[in-house]
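Residue numbering begins at 1 within each chain, and the chains themselves are lettered A, B and C in the order written.
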Amino acid sequence: MTSLSLKARAACLLGLVALLALPVLASLTGETFYISMASRILIFGIAASALNLVFGYGGLVSLGHALFLGIGAYSVAIPSFYGIGNGFVHLGICLVACAAVGAMTAAISLRTSGIGFIMITLAFAQMGYFAFMSLKQYGGDDGTPISATSRFGALDLGSSIHLYYAIVTVLLATIVGMYWLRRSSFGMVLRGARQNARRASALGFDVKRTQWLAYILSATTCGIAGMLFANLNAFASPSLMSWFISSELIVMVVLGGVGTVLGPVLGAIAFIGAEELAKAVTLHWAAYIGLAVIVVAVWARNGLVGSMASWASKPVKVQA
Amino acid sequence: MNHSPVLQTHAITKRYGGLLVTDGVSLDLRQDELHAIIGPNGAGKTTLINQLSGEAFPDSGQIHFGSADVSALPIHERSALGLVRSYQISSIFEELSVLENIALAALGASGRRLALFAPLLGDGSRVLAAHEAAGAVGLEHKLHVAAGDLAYGERRQLELGMAVAAKPKCLLLDEPMAGMSIQESEKVVDLLMRLKRSIPILLIEHDMHAVFRLADRISVLVYGKVIATGTPEEIKRNAEVRAVYLGQDS
Amino acid sequence: MTAITLIPQLLNGLQYGMLLFLLAAGLTLVLGIMSYVNLAHGSLYMVGAYCAAVVFDHTGSFLLAVAGAVAGAAMAGALIEQLIASRLYQRDHVEHVLASFGMVLLLNELARTVWGPQPLFLTVPKALGGTIDIFGIQYSAYRFAIVVLGLAVLVGSHYLIHGTRAGMLVRAGASNPRMVGALGINIKVLNGALFTFGAALAGLAGGIAAPIVSVQLGMGENILILTLVVIVVGGIGSIKGSFYGALIVGLIDTLGRSFLPLILRETMNRELANAAGPALASMLVYVVMAVILAFRPKGLFPARG
């Protein structure tokens, strides 16, 4: 159980203010690059939070979530290829495609468990990767530029400011959603099933079905992140579906604190932030990031939220 | 006393490889009774209860719950019908609080669809039921403690509390007093005395003192076979049972 | 599709399968016995390939190059086991995934720093440089030698596991790791030896593959994913399973890529076949894996049944 002390609440409020004020500050100082960097970080925050639902709450290690990032991105890229820039169309395709693919892959993946589940989710992402690589008319492995970014009436995700606030909105909705899911009947059963699947079944809950529904919800949320990402880069490519990205998402969730509400977002900020910092300092940044990940894996399993919880209040169990 | 059977098995048999673990067991649990199953270690008591709860399936024979044939139903469906079990080794949600554990049990029994966002502890009647169950097993002061932090005896209490909160139509208890001290066992005996007035209970136990105090009927299981069924008096006097299990001087 | 086109592809599939088997054998043992998910196994393959290329460059001897590959990968494996993996055996699979991912990043960057971003090349040894005659078809002698080597490793490991005391310990460890420790065997040494052995096999695969693929950064990752498919299909912890899994994956992937587009062109119009062919061919292995897992979630020959 987590409880937010006064210190933690103040920190959250400060974070929220900073989030909302960032584009204003960036424009004033002329450093608009930060808007797109922050956009990228927050998009991964959304994707990592989506993963957290099945991984942190549900205990299902999905090494293939990047698949949905990719599907979301191509939900924009393919209509755009045909000149369709209507955001509602993009969103509709994204939601339907991610829900359908999520439902199908989860139905098969949930027949396995443990290492088998990890492998099969990885395999599905690979399938998607190869499938889109071979779609030569949409660029194949070179990817495809997006000319018709998503428009929702007056809201144009092609504008960096519009996009940033859209991302912030989606992120806040995701965080609030995860907060409620953690305590809801559905979420409690999911978390209980992670801790003791046998007992959850014995109590009368259909564990597999609960996990399946959670996976679909997670997939569609991740897809929305992909849609936002496509608008950010005005580009979509199969490399977004690579196992590398899926692994990075897992790192972000663990780094931030598996199964916590804010962990994945903090993890995304910390991981990408560290990456950018390392890139600015040395050519061998990948080695240092690799080392840092190893250190986290061996010594800091409770992640940032775990360490911060000790700072912010009484020692608290932060796992799902 | 109501003699209509709540739970019945008809000649159920189970083999694990070459080992015959359940040998043509036919027994029944009546509406107003506490029916105890005793037997030496290795007699197949846990396998029997697994088949009753739906975590294992007999190779032959049927199991009826009320008028329904539940032989092939998996555990979560039997649980939804009101056939609830507790475990010999406490099987709880370690990271959730006592209240959350019991509330989940109550939720499971209610058979309601899971709310995506409405909080588990937001339902007043469910929280009340959870408080009651916690009080019944003596955990009312530990509601917000994480289950993993409870002492051993308290974990057994939580185990029982979860079974009770499920508002069962019938309880299958697998050695609820395992590992408990004398005082703790006394509390559980008192609780079961109260419970059996409203819920039929099938009790597997080694604690003979408790069994003879609580049971309306006793069945003796040896090598997967029921060798005797009767009132506690009848069982005490049964020569075969004495030889196999109770010893000559009980 | 005639014998002339089919047989070489069949042999290629077998050869690819053998390579996958060498990688899978080490990985499945480590996974089955220490329950450790080593996603950095592909990097050990890469280390082996680089060591082979470097040794070959300095000595001109293929045999020494392969020996260098095995030694290099084994040393790297032993180091990784001592410093990182051994701390994580008791932990969740996720933490293994995390640590291995970090190692992949680290090892790729180290390789880049030491050997540069350009690929290295190795030539096929002259002794095996020609072709041999199989059913009237000329096939690369080197690739055929790989098939022979794979079979030798299979037979050798079968003997090791079923015919020696060490092998018995390994089998015991696969079905009950804790008991082996309780029997007084120094489990740490056993684990270290196993991990190093697996790394050596990966290095061997790298050294042997070096002449026929290009030795470059990131070469481990692609083959690693297929290796994971192999052990999941074959059954975790089972050498026999990895062998059959590797054959299946190797054959399906090779034959699929060669013939699926051709088959499609027979049954549908050319444009569609050209678009769908390569896509389906690459996906074929994963589809097969998904189907197998749907019916046999533990793989075809699981060690623990």
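Keep this in mind: a contact is a pair of C-beta atoms (placed from the backbone, for glycine too) under 8 Å apart; a residue touches a chain by one contact, two chains touch by 3 or more.
Predicted model, so just to flag it, every value in this text is computed and none were measured.
Taken as a contact graph, the chains are arranged in an open line, each linked only to its neighbours along the path.
Chain centres here are C-alpha means, and the one lying farthest from chain C is B. One finds 32 Å separating the Cα centroids of chain A and chain C.
Each chain gets a centre from the mean of its Cα atoms; for chain B and chain C, those two points are 50 Å apart.
Centre-to-centre separation between chain A and chain B, using Cα means, comes to 43 Å.
Residue positions of chain A in touch with at least two other chains are not found.
For chain A in complex with chain B, the touching residues are 1, 177, 180-181, 183-189, 191-192, 195-196, 198-207, 210, 317, 319-320.
Residues of chain C that touch chain A in their complex: 31, 37, 84, 87-88, 91, 93-99, 101-110, 113, 221, 225, 228-229, 232, 236, 275-276, 278-279, 282-283, 286-287, 289-290, 293-294, 297-299. Those residues of chain B whose C-beta lies close enough to touch chain A in the complex are 53, 55, 74-76, 79-80, 84-85, 87, 91-97, 100, 103-105, 107-109, 111-112, 114-121, 144, 146, 162, 166. Looking at the complex, you find that chain A touches chain C at residues 55, 61, 63, 108, 111-116, 118-120, 122-124, 126-127, 130-131, 133-137, 243-244, 247, 250-251, 254, 258, 284, 286-287, 289-298, 301.
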